[in-house]
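Shared between the two complexes below is chain A, which pairs with chain B and chain C, respectively.
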Partner chain A sequence: MRAIFRVARATYYEGWRKRFLNGILVFAILIIGSSWVFTYLQPGAELKMLIDVGLGSIRFFGMLIAVFLGSRLVPDEIEKRTIYTLLSKPVTRMQFLLGKFFGGLATVVSNMALMGLTFYIVFMIKAPQFAQPTEDSPAYKMEFMYENIAKAVLLSFFEMAVVMGIAVVASVVFSWILAAIFSFFVYFTGQMSEFFGHLADPDTGASPVARVVLLTVYRVLPHFENFDVRESILTDVPVIWSYVGMTIGMGVLYITIVLALGYLFFNQREV
Partner chain B sequence: MPAGVQSRRAARVREVADIALAIRTENLTKIYDVGWGRQHVGIEELNLEVETGQIFGLVGPNGSGKTTTLKLLLGLIFPTSGAGEVLGEPMGDPRSKNRVGYLPEGPYFYEHLNAPELLRMYGSLFGMGGAALDARIQELLELVDMWDRRDYRIADYSRGMLQRVGVAQSLINNPDLLFFDEPTSGLDPIGAKDIREVILRLRGEGKTVFLCSHLLKEMEPICDNIAILSRGRLVTEGSVAELLRGDRLRYRLELREPDEELLAKLQGNAEEVLWLEETCRLLFADRQAAFDAAAQAEDEGGYVLAAGPDRRTLEEVFIDAVGEVSVDASDL
Partner chain C sequence: MSRSAQKLVAWIVLIGVFIGLQPLNDALSYNRLVLGYARPTPVTKVLQFDAPAMTGIIVGAMMGGFREVAASMLWMKTHSMWHSGEGTKWDHLSLMRMTTLLDPHWLEPWRITAWHCAYNLYVETDDPKEQARLLDMGVNVLKEGISWNPDRFELYFELGWTYFDKIRDYPEAARWLAAAVRFEHPEHIERLIAHAWERLPDMEKALMWYDYCIKRRPSDHTAKGATITIRERYMPAERLVQQRRYDEAAEAVQQYLLVYPTSTLGLHMMGYVYEQAHDYEKALEYWSLAAETLALNHYARYKVAELCERLGWPVPEYASHIYMREQELRKEMAVTHEVN
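Showing the complex of A and B:
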């Protein structure tokens, strides 16, 4: 544990020193901070716009940071040769990989927490002006939304943990550029995993071979759309804790499998 | 058997057993797959034995396999065939890592740290902490002359400062075996001298130092044993004294432009006569013949430049072993 913590800590501080990530964070905070401006584009649906832009930005910029940071964590160590001094000490490859993952994840979560905080402040100031009158009291309605938004941000953290895991492991197998492209591809196709599941349905008339391929894609890809609860928030459907817990559980399971696979590759990799 | 003989034999057995090997490789081979079905031989059937407590130098031209050997011994890369042991454990075994220190070539560290923070991080990987670690950090930074500059961020370090801190980090766990890859590379003469002194001090403390370098002039005075690699193969190996002496010790007499008459008289007893610009070097099989020839040359008005054992330089040994083709003169 000590070795993982030490590697993670060094990775976390190194992560904050990466200027392109700082640039993404600053840009993201600017967009989220000014998300209320976008509400003028859709009169009558200001709250939807605010939530869409705010939460959407947190997810999008969080994903960018997770992919660009995750895909460079291990290659940078190899390129700069810092890995030599670490692996020549009592640090196993598993500890190194986990340290890089958790350190990178801590950086991503910190970045997203800042974005989340910015959005919360904007939401607290602007949302009460846009809230539609309902049978419930406005105070109850807003409290309900705050809770759902907190759950949405929490789910985003774990979604990015999955993205980060994929990026880190892909970078062990491919070059960092390929790893980044691969991670983007998985992320965007993972947003449509349910669609692949529907296509694999016997009623669609797909050939048996196509069905096997589609079903495999459906089962292998992470179901990223499950982490997106914006629709529920906008339609006042409560995001229940059991759903949050199950989605997080699936995410953790996926990360575990991905990291285990990554370890198998990394254990054979020459540095 | 008399008791005295028995005890002497037992003592001899103990003596042999005490010569523990810090490193041993057996037919160690590393072949790199460089794509499109092509392969590159990194190391081929390398057999090395490094005794504990000595400074062992692995020398060779660039690309001869020195760093590959180091990486194999540290478990950073894996052998194609063959095996090796480090401190009695298989190469790369986590158990041996607690007793090993490593300075890579051109070391690079996390830039956001300063030297004490870096050493604290590495020390903690060995389970060190508290006042003992703080004291060790100060001791090492003083040893490499970095204590006064301890607050600088690594991002602001010069190459020499990185090298010094690299040496310090390799010693943090007080290792029994040190691997130094080009330890004086990029250092000014004073820095290089400081590092050589550290290496000699480590040997004085009973540690084994495995040095990789192509800077022969720096290796010659500090190494006990040297192995020369060329194109992945071990071409020669032995103690520095053995290598410099060659197969047998001869004696040389050097004269400055001797006249033909004197040369004709002297070369009768010489085994070999070499001309090096204005200097004539005569090589004799024994010491007496060389000194007799020197006396004769003096008597007859010859200009004697030098007389004595014909020791080669490591550079000459290296060129003989490797062949001039693969030697980059600028590396020497």
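Showing the complex of A and C:
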């Protein structure tokens, strides 16, 4: 456990020293901080636009950070040959992999927390201007929105944990560039996983082979859209805790699968 | 633990968790749908392999969190196409449809897309069948928009207005406008419902809605004026029709037609009286007159075509008639399917 913690701590500090990640973070904070500027695009639906751009930016830039950081954690150690020093000490491959994952995750979570905080500040300042309490939209809905937004950010943390896990494991198998491309691909197709399920429906008239393929893709892909609850925030639907809990559970199970796969691949790899 | 044992444990964990994950995924998908967390997804369009819908979904997924921004950008593109004179091209319509699918809760694209089909593209063709198809497209766009935004009055009103102003299917117009008034709405919609009924003409229903307008706002002079006109000019004829005294009813309306020979309501009323009297030739005469008097009186044209059909005469091709006949046929087919 101590070995995992030490590797994680080193990875965390190393993550904060990466300039391109700092660049992404600064850019993300700028975009989130100025998200209210985009509201002019949809007159009459400013609040909706503010939430969508703000939460969308947290997810998007969080994903960029998770992919770029995750896909470089292991290859950098191999490239610099520091992995040999580490693995020759009483650190098992599993401990190394877990330490790298948790260290990277801590970096991503702290980055996302900063983005979330920025969005909260913007929302607290701007939202009351866009949503004047009316008979149709009373003031209590705003408080309700704050809670929903917190839940949305929490779910984004776990979504990025899954993305991070995929990036780390992919980097064990491929070069970091290929791992990053693979992670992006899985993330984007994972956003559409529900469609593969619909397309695999017998009513679509797809051939049995195509249906098997589509159903396999649907079953294997992480369902990233489950982490996205912006629709409920925009339509004033409360996000219930049981749903949040189930989604986090799903994320944890995916991380377990991904790390188990990572361990198996890492064991095969000659380092 | 040996390395091979560790591998075995990893495989067991992997397979076990993967199997355990599936019911959780299914439960989450179900919950998202039931609790209303799912982002709008035009599933039926996907199943029909509708190209703009598929593209919209892929763009939506690629854009991740920025579907609304993508929709706004596309909308700006449609504006620039419109202003550069490319507004009547079909590409324009595809862009509009994609915008509605990317951000289905944004009402403006639904309204403008429907208007574009039923009004702009409609006048680009002279083929009544094509025009009927465009009317159908416009109506379907609005119905789809309503399915995404069922608790807002705007799209119900827009659909009612399209039926009222463009298709001139007054019963349908009244139905959708009545749906709009269930939500927070501007007060002129109730008057529009009354207008729809008086043009049919169903003067009793029109009066009922005007009375409602006056009760809601006693200073509603438009409703008061309309009530007086209906009661003075057309209600006597309506009562005579109910008593099957058709000649007297026609005479009562004729008194006003002598003073206002091109009155749309008067001509409609005469057509209605003769239809009730089963004098279809005479009814056709008045509906034809109404159609000729007002270039945009598609309802009168529909009635002309309907009466020609009833009389076994050659049926003139009018877009609104083709459209309404198709709708009737669809309803009949649906009922037959239901019975079977």
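FYI, the second predicted complex is superposed on the first by the 263 of 271 C-alpha atoms of A that agree within 3 Å, B and C clash if a C-alpha of one lies under 4 Å from a C-alpha of the other, contacts with A are read in each partner's own complex, and residues count from 1 in each chain.
By our rule, contacts are C-beta pairs under 8 Å (C-beta built on N, C-alpha and C of every residue); 3 or more make two chains touch, one makes a residue touch a chain.
What you see is a predicted model, and the numbers here were worked out from it, not measured in a lab.
A.B. asks: State whether chain B and chain C clash or fit side by side on chain A once the two structures are superposed.
C.D. replies: With chain A aligned, chain B clears chain C, so fit.
A.B. asks: Identify which of chain B and chain C touches the larger number of residues of chain A.
C.D. replies: Chain A has more residues touched by C than by the other partner.
A.B. asks: Scan A:105 for contacts with chain B and chain C and give back first, second, both or neither.
C.D. replies: Once the two structures are laid over each other on A, A:105 reaches no partner at all.
A.B. asks: Should A:60 be classified as contacting the first partner (chain B), the second (chain C), both, or neither?
C.D. replies: Second partner only, chain C.
A.B. asks: For A:3, decide between first (touching chain B), second (touching chain C), both and neither.
C.D. replies: So A:3 only meets chain B here.
A.B. asks: When the two structures are overlaid on chain A, which partner does A:201 contact: first (chain B), second (chain C), both, or neither?
C.D. replies: A:201 sits against chain C, while chain B stays out of touch.
A.B. asks: Considering only touches as defined above, state whether A:31 meets chain B (first), chain C (second), both or neither.
C.D. replies: A:31 sits against neither chain B nor chain C.
A.B. asks: Does chain B (first) or chain C (second) touch A:74, or do both, or does neither?
C.D. replies: After superposing on A, A:74 lies clear of both chain B and chain C.
A.B. asks: Contact-wise, after the overlay, does A:180 reach chain B, chain C, both or neither (first, second, both, neither)?
C.D. replies: A:180 contacts neither chain B nor chain C.
A.B. asks: Using only CA atoms and the superposition described at the top, report the least gap between chain B and chain C in Å.
C.D. replies: Between chain B and chain C, the shortest C-alpha distance works out to 10 Å.
A.B. asks: Which residues, counting only chain C, touch chain A once they are in their complex?
C.D. replies: 3, 6-7, 10-11, 13-14, 17-18, 20-22, 24-25, 27-29, 31-32, 35-41, 43, 46-47, 57-58, 60-62, 64-69, 72, 76, 105-106, 184
A.B. asks: In the complex, go through chain B and note every residue touching chain A.
C.D. replies: 71, 74-78, 94, 97-98, 100-102, 104, 106-113, 121-122, 124-127, 166, 169-170, 173, 179
A.B. asks: If we count contacts the way the header does, which residues on chain A are in touch with chain C in the complex?
C.D. replies: Chain A residues touching chain C: 38, 41-42, 45, 48-49, 52-53, 55-60, 63, 94, 135-136, 188-189, 191-192, 194-195, 197-199, 201, 203-204, 219, 223, 225-226, 228-232, 234-235, 237, 239-240, 243, 246-247, 249-250, 253-254, 256-257, 260-261, 263-264, 267.
A.B. asks: Once bound in the complex, which stretches of chain A touch chain B?
C.D. replies: 2-3, 6, 9-10, 13-14, 16-17, 80-82, 84-92, 268, 270-271
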